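Here subunit A shows up in two complexes: once beside subunit B, once beside subunit C.
After this line comes the complex of A and B, so read on.
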């Protein structure tokens, strides 16, 4: 117990602080506001110049009809109505839906691998580096590389035949469905390292003792993953999901370009590649823009749900 | 303090921008040589283009060349924005045919200059509207292009065939392919990913069914793909792969370089490619040996067809002066020189290509037996049906051929798809 030596008057002063001196805070606030605005301005200018303006220009062009690189005329909704009768456009969006259907693999596989690395499974340092290496290879190089690897007499089929799995040695890039899923598998191989890194960053925020407690309570790997890691990693999972949902539809261009060029037939034709073909090969700018806008809407609709969910998760008050 | 710093930074930025702008405008100085910016994919290779630059500049002290080289498969992506923004190079390359006519708004019509250039060329129409020299022409070619069938004499010999008498008819070709397959080799090296093989091989079949008027109808978009003649062309094109004459991975590989590699490795008897610019007789001769390389016409299907024995020829890369160039005279000077004798001889010597200028010294022509044989073929030219295809048609031809090869499509459905592609083509829309 301590005994106060202060006088009663002093004590009264201590408990009743003098009224604060009224500073004029407005100029400081104004300065901060201007500083903030100046810092944000370059980003805003870049976003407007390189995102908003091209988007608006794309919308305008999608209502135009042109022949080659010549002058264009107003086409109304023609480019949009044409899409519903165009088998190539319909095939490209059907393929896009099939690609979107592979999203669970894109989300879960890197998570499992990240958790294995995080809990220092044997060889974790080696795998942490190895998983990320494919992401550092230019996609166009990945495409050229896998064109050889997946050829009928390529190393994958040679390996399958060598281990007695001859029936599995198919023509990976020639089949109607195998070509698309081979393409997605190559993309996954190329990009999942980024997912592993993203999850590892998220896992670093989970207190060690929580995972240790689950381990001591006898929870196995999958139980820890499902009941501890996933709930605590929701914002990271949501972030990666949004990135994947939009990414699988706009990341694949260089791989399609190098690997299949949309073929065989239209088996690997995706809207983003069709935009390129229509605009630069067929020189149909208006129609190419209309397909591009349709893809934008498709990706936006897909992303909105994830972004809203992510926002809710991010702003949810802790219980 | 902050405001002063900000003002300083802005002032420095404006000064730097002004300095950079000043640096960029040096090529058009009134008292110095004019610098022509040339967009090219360097047909014939970079060594040849270095020679073009050195030789042209030596004889034209007042003009400098600034070559912007772009890989062929990236060319439209670079050229398109220049055209849409009406800015950029003073001279640009294009392939003749529809590819040029889709972009003709970017080029200055040559007017009377076309006739002046034309007088020394073996042939000159692919850069003129409708392949008609009496109409507007938009560029100048200097090389001659077209398709032949190269063969490896050793592979033919190994299959018990006479390399001095390669198959001349469709039936003989089929029989030869059977013999070659039995010897363990591929008959025809092919890569179907991309449009090249489709539009290279299509005219070789089409000559057996179409007249020159039909080919012009194809260009104008008035010949239907449901027309029995075109359906027959598709049927024969389909046979190339469905009869097993090609390597089985053809649908998923490119012709250049993958298909050509199969031939250059000595694993295939035949390869159908071009006579100039890219992988040609010179590259194959280097890989296999000139003495082992043979060249022949594509096998004839209908001996009585008027164009069956002709060569589907087309000018190679065409160079035109851009509408927005402020150095049009210098640009015209350069492209006229490109079509001239001096460049024709550089083309033969350094690019080993087939020249278009008839005054090229014959002593400079390569001594390769394959090249000499090609001289016989090109002497009987006709229109090249492949370059009459619009972008959507060329794409549908290539994709349809892939699907036919994989058994996913019938020829009738293929013809339907081709007709849909024709109707989608912005260039061939009737009424344009």
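After this line comes the complex of A and C, so read on.
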């Protein structure tokens, strides 16, 4: 099956039904419709060609059995049933759940830091700038950087030995339990700045006087955080939570690639890395696609909340 | 101890906590910079301390080994291309669905933001297949178009939010004055949406420049591979010394870091304005 740009463009047009006849009586409307169709065409063509078409092809491929560079044949649900008996797949989704279980840290840590910065601590502009720096560093670079830092003789272990915590100086990336922990910690290092920035954006919408009043009433930091900030910040907290929930599983690819390659054993195997490995290393395209579709469903369920919110926001009538 | 004192102590604790996190955020970067300035023997002797003497040899070597100029060029072309294309396409859609009498506009908008739920990681093989069928595997345009498609949903959403806030009367008035659609879009709406455009540009720049999976699959080992693919090859070569790898990493992360530090103000105000609803 071959897809050309032209056919993608055609299907993009097809999703916009032609205007009903009554519009033709008002020439300006008709003209505007054609103009609109023309203007949305590039974006629609992009979205159809590089997202919708691959998704559909992914679903089709997931029902095929193929190995190596050979032809493929119809396999029915084989790839999907095979997943339930595959220890690697099961390990990857179990690890995914473990990663999802760390979500509270992803949500709360940036929130606390953002609130601390927001109360205009001395040098807050500096801290705000510094906290975002890790996010600007490419994850693959972060991964290689931390492979050096977490190495058995690296600075982390040197620090632990120096402060007398020798027993904690372990092979961070090579332990059955510590590897996944290290991976998540590095990911958190890499992304918490984005969370701080997001929360700061939300905090800016809270009227200064409200926080001021709580402060004058003698509410301490945690009390203000819990009773004033969080309730008023609910949309931002929700946005960041949804972003993290769907993101933690798809942000990790370059980190796994650089840090652990899924090992030791399957300790850091996650679905997104397994899709890549199955498809491009083991050349099992059908199976790889099936795992990919499972991952898509997982992510889509988590993202549907944000999409609903975005749609309502984007189509709201102004004032 | 009166309240003033405890407030003072609280303030110190607060700054202390912020400093600890700042050190944690910067130390890995610092370690890598210091490592990159050591000689190989210097690093072996004292991997953690400050370098005895500073050398830039590793940077010269990394430039040669990794074919850095070409990698940088490839990354710039694909990132800028993807960035411009995604923002332009998003602007056109946002304008159409918010400011034109366009039936089906809501449907288009919904479709575009729904594609947000399709991560590249889940459809990487069929995506590769599609790029291959288009004859764009290993070509700049393959990666540029893919980037544009993946940057589109968020861009459309953000810009639509901005355009929506511009009163229709303003646009009517401009039209009466004889302004065409493109004048309205680029001379009237774009300046109003500048914070969103700036934030969008920086966020897209950061992820397109830093992304690994798409260029890895679309560019593979071709001469058009991006800097990050080049960097990823470092992670497999164990004969490469830590100082050399570190130098390569610093070169790879510097462009985004500089852009971030230069445009920091716009980024913050854009992020503030963008999600401040």
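The rule is short, and it goes like this: the second predicted complex is superposed on the first by the 253 of 319 C-alpha atoms of A that agree within 3 Å, B and C clash if a C-alpha of one lies under 4 Å from a C-alpha of the other, contacts with A are read in each partner's own complex, and residues count from 1 in each chain.
One rule holds in what follows: a residue touches a chain if its C-beta (ideal position, glycine included) is under 8 Å from a C-beta of that chain, and two chains touch if they have at least 3 such contacts.
Just so you know, these numbers come straight off a predicted model, no measurement behind them.
By the touch criterion defined above, A:35 lies against subunit B and subunit C together after alignment on the C-alpha atoms of chain A.
In the overlay built on the shared chain, the residue A:153 is in contact with subunit B and with subunit C. In the overlay built on the shared chain, the residue A:76 is in contact with neither subunit B nor subunit C.
In the superposition on chain A, contact of A:116 is made with subunit C only, not with subunit B. In the superposition on chain A, A:221 contacts subunit C only, with no contact to subunit B.
Of the two partner chains placed by the overlay, only subunit C lies in contact with A:303; subunit B stays clear of it. Taking subunit B and subunit C in turn and counting the residues of subunit A each one touches, the greater count comes from C. Looking at the shared chain after the overlay, A:52 reaches subunit C, while subunit B stays out of its contact range.
In the superposition on chain A, no contact is made by A:104 with either subunit B or subunit C. In the superposition on chain A, A:133 makes contact with subunit C only, while subunit B stays out of contact range. 35, 147, 153, 279-280, 285 are the residues of subunit A that lie in the contact sets of both subunit B and subunit C, per the superposition on chain A.
Those residues of subunit A that touch subunit B in the complex are listed here as 31, 35, 38, 65-71, 82, 86-87, 147, 150-153, 171, 173-176, 179, 260-266, 277, 279-285, 287.
Residues 10-11, 14-15, 17-18, 21-22, 24-29, 31-32, 35, 47-48, 85-86, 88-90, 92-93, 95-97, 100-119, 121-127, 129-130, 133-134, 145-146, 148-150, 152-153, 156-157, 160-161, 164-165, 167, 181, 206, 209-213, 217, 228, 231-232, 234-235, 242, 245-246, 249, 252-253, 256-257, 260-261, 264, 267-268, 271-272, 274-277 of subunit C touch subunit A in their complex. Residues of subunit A touching subunit C in their complex: 2-5, 15-17, 19-20, 23, 29, 32-33, 35-37, 39-40, 42-44, 46-47, 49-58, 61, 113, 116-117, 119, 121-123, 126-149, 153-155, 158, 189, 193, 197-198, 200-202, 204-205, 221, 235-236, 239, 246, 250, 253-254, 257-258, 272, 275-276, 279-280, 285, 288-289, 292-293, 295-296, 299-300, 303-304, 306-307, 310-311, 313-316, 318. Across the complex, subunit B meets subunit A through its residues 2, 6, 76-77, 80, 83-84, 101-106, 192-194, 248-249, 251-253, 258, 390-392, 395, 398-400, 402-403, 405-406, 408-409, 417, 420, 424-427, 429, 432.
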